[in-house]
Amino acid sequence: MSVLAVRDVWKLYHGRPVLERINAEIGEGSFVAVVGPSGCGKTTFLRMLMSEERPDRGAILLDGLPLPLEPTHDRGVVFQRYSVFPHLTVLGNVVLPLEFARSRRLGKLFGIAKQRAEEEARTMLEDVGLTGAAPLYPAALSGGMQQRLALAQALIRRPRVLLLDEPFSALDPGTRADIHALMKRLWRETQMTIVMVTHDISEAFRLGTRVLVFERPPVQPDGAQGGAVVTHDIKVHERNIDKLQSRRATPTGDGPGAVSVTSRDDLATA
Amino acid sequence: MRLINRHPNPRLARVLTASPFVAVAVVYVIASTIRHAANPDDKLLPTIAQMGAAMWRMAAQQDMESGDYLMLNDTIVSLQRLLLGLGISLAVSFAIGVSVGMIPYLKRLFVPFINAFSMVPPLAILPILFIVAGIGETAKVSLIVLGTAPYMIRDLILRVEELPRPQIIKAQTLGAGDWQIALRVVVPQMLPRLIDSLRLSLGPAWLYLISAEAIAAENGLGYRIFLVRRYFAMDIILPYVAWITLLAFFADLGLRWLQHAAFPWFAGARAQ
Amino acid sequence: MGSSTLSRQNFLRGGAALAAAAATATKATPARADVKKHFKLAWTIYVGWMPWPWAAEKGIVKKWADKYGITIDVVEVNDYSTSINQYTAGGFDALTITNMDTLAVPAIGGVDSTSIITGDYSNGNDALILKDKTSFDAVKGQKVNIVEYSVSQYLLARGLQMHHMTERDVKLVNTSDADMAAAFETPAVTAVVTWNPIVLQILQDKKAHEVFSSAKIPGEILDLVIVNTPTLKANPDFAKALVGAWYETLGIMLSNTPEGEAARTEMGKLSGTDLAGFDAQLKTTYLFSNPAKAAAFTRSGKLVTTMEYVRQFLFTNGLMGQGASSADVVGIEFPNGKILGDSKKVMFRFTDEYMKMAASKSL
């Protein structure tokens, strides 16, 4: 059975469709990359998965049950920015989820319980390569380190699904390569289900086991425009990168097989 | 080179900083000297020596009637009123600001009301305040609270709303409930912002304190200024004004230091 | 609050005072004045001073100024204390003011001033009011809400003196006149000293009892017109024009004619009340309508006694200037040549010269 099931989902803004007839079954342990031009509704799709927005039609099921109405700890997220808490140290950021789980009233642990949580958090930090940064505040970290921290924070409570919203878009290429490697390793080790939105098509194919392409149909002569649909659902095998390169060289716009990436615009921060 | 790209060296920078202060002092001394040449008893622009003597009398000599050191007494009494008023404003605005900022139902209920209420000039409804709070200490503190709390509440609501939405979502995906989000995410981030709000409220707080002391009082810095104003005692008023300015300046400095020391993360977070 | 607050003692409002005073900073008051043609008189709203704006409006001031070949600006200042400070700083040549304030501000501030018109005295306009108590002695130990250092405090001091008490027997709470009536409505306030029309307003409360008023010390709280002495010496015509205009105006307003009533109605309106309100205030104000009587009062030994009370009061309250060792730091000169205080430093002079000229119709 799929972890996430998206059944005929529509999303309207001011009465106009943004997304139409979206169907997807996302299996256990898969890494789904969602790509598409800016404004195609891919971020809206992710926001529906984290219960920040609700579909106007259709249903989304998590493990066969309707999605909860608000964000819950079974779906972890990493955003492009503002993913970590600036007022907590690196260690504090990773301890926080454990404190939420273990101290329902105050959200704060003391004494032995705190020490134990800190040990777990340190293990997690070691896993993402941030051991030395534990006492620092996020503002002192580079963008790449902040995203490593965001991953560590999101993963420590072992969510059922990890949702990534353009998580690496703001990083420079070298840093991005490192963090891709980390991402891949963590995914393999945890066997977690991941849905990632990105506008970087090479990133989608490098990391994803499956790539969903969202596109809106062209504007009609009368000005009407339908919502985006899934135009391609590509199974990616590992080492599929060469194929990707050739696709990228294809002119965009027409032709059913074309994938267009028109803008580096970032919806996550919009 | 363009003016916007030219910077004074450190020495010149210090001279530039000092020069307006020196200029004002020099102009004052000249004007005072001219007036005193014409009338040795001039009250408008007392000489430095006269102000010094007045301050000596106010600060270092016991009052014949009460045995108090008047300036010390005035300062303590005024600061007590100021701190009590600002303390209440701080507590009220923090509680209301955080809860209203976080909870949509409360936002609907209170924000338009608070916005409208904050437009009411407190000095214009003094008679009502007197009936409710009398004209004693309660009224003075109330006036400071009425004068500063609405702004601080509005400011804090805005600051809570300004917290990036992803942070709040993130906290929920980490399993936090309402209380946990309030205590671990919102409140700690609001504390340094509250200090900003407090710094901006210091000016109005002084204004309302002095107004309150002008309306009815037995002591206090504002009381003294308005009392001696009746006899044009600029030799007391000017040093008192300087003293109030100095107190306000150091209060501001102290708050900045506190923000820096207690919330070391804040400067970096704000810069991002 | 009633709309007709007296501005004579209304000094707590109007924060612009200091700024306005600073604007005149460089105009030093000269020890010897030049002959000049243009003069400025400052007035504030008070029942005894309302003839001035009315006389200016009706052209009476201009008529008399023309007669002496000068011009006179009659300027309203919206705050009594500001008007005194501006006069003292050199911004005006003449001012409407009380005898006590003349001594305490311009005289102590080294600005030699001469009173040319003894206009009126408070004859019940200022009063001590107690809540639920009917005898003066009940004031003992109470907190008294009052405009400190005003004629109210002088009135209270004189009342205490007459009842064998001192200011140490009460506790003063400086309270703005604008808020006095509202303050009286609050439970904690049990005793106030204030002036009309606030007195009339507070007395409407059944719990309020007037236990002392300026009617018990007639002739002590005087309302004057003062002129800067060097200016006066160089320009006696200025004083003549003012005095001429003053008594012509009083003659009209106090006459029992339709013109008199119309004048009082307009003066009432100018001070924010109506004919009835203005007449009620006039009832507790003794206006010297007869210049001969005003001159005689100014020559009397009674005035010397009053000024002795006033200067001792100011000295006791530390208002005779820094380091004053006695009330003698400045001199007050009377028409008969008698001087109270330092005869080498006379800064406050009473003259009956111009009132006598008005009486003998020689202006």
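Observations
Note that the chains are named A, B and C in the order they appear, and that numbering of residues resets to 1 at the start of each chain.
One rule holds for everything that comes next: a residue touches a chain if its C-beta (ideal position, glycine included) is under 8 Å from a C-beta of that chain, and two chains touch if they have at least 3 such contacts.
Model, not experiment: these values are computed from the prediction.
Geometrically, the chain at the heart of the complex, using CA-atom means, is B. In this assembly, A is the chain whose CA centroid lies farthest from the centroid of chain B. Distance between chain centres (mean CA atoms), chain B to chain C: 38 Å. If you average the Cα atoms of chain A and of chain B, the two centres end up 47 Å apart.
Taking each chain's centre as the mean of its C-alpha atoms, chain A lies 82 Å from chain C. Taken in their complex, chain C has these residues touching chain B: 1, 11-12, 17-18, 21-22, 24-26, 28-31, 81, 84-85, 88-89, 104-105, 108-111, 145, 148-150, 168, 171-176, 179, 182-183, 185-189, 318-319, 321-323.
For chain B in complex with chain A, the residues that touch the partner chain are 164-167, 169-177, 179-180, 183-185, 188-189, 263-266, 268-269, 271-272.
Chain B meets chain C in the complex at residues 31, 34-35, 37-45, 50, 53-54, 57, 64-65, 126-127, 130-131, 134-136, 214-218, 223, 226-227, 229-232, 234-235, 237.
Within the complex formed with chain B, the chain A residues making contact are 50, 52, 70-73, 75-77, 79, 81-88, 96-97, 99-101, 104-108, 137-140, 153-154, 157, 159.
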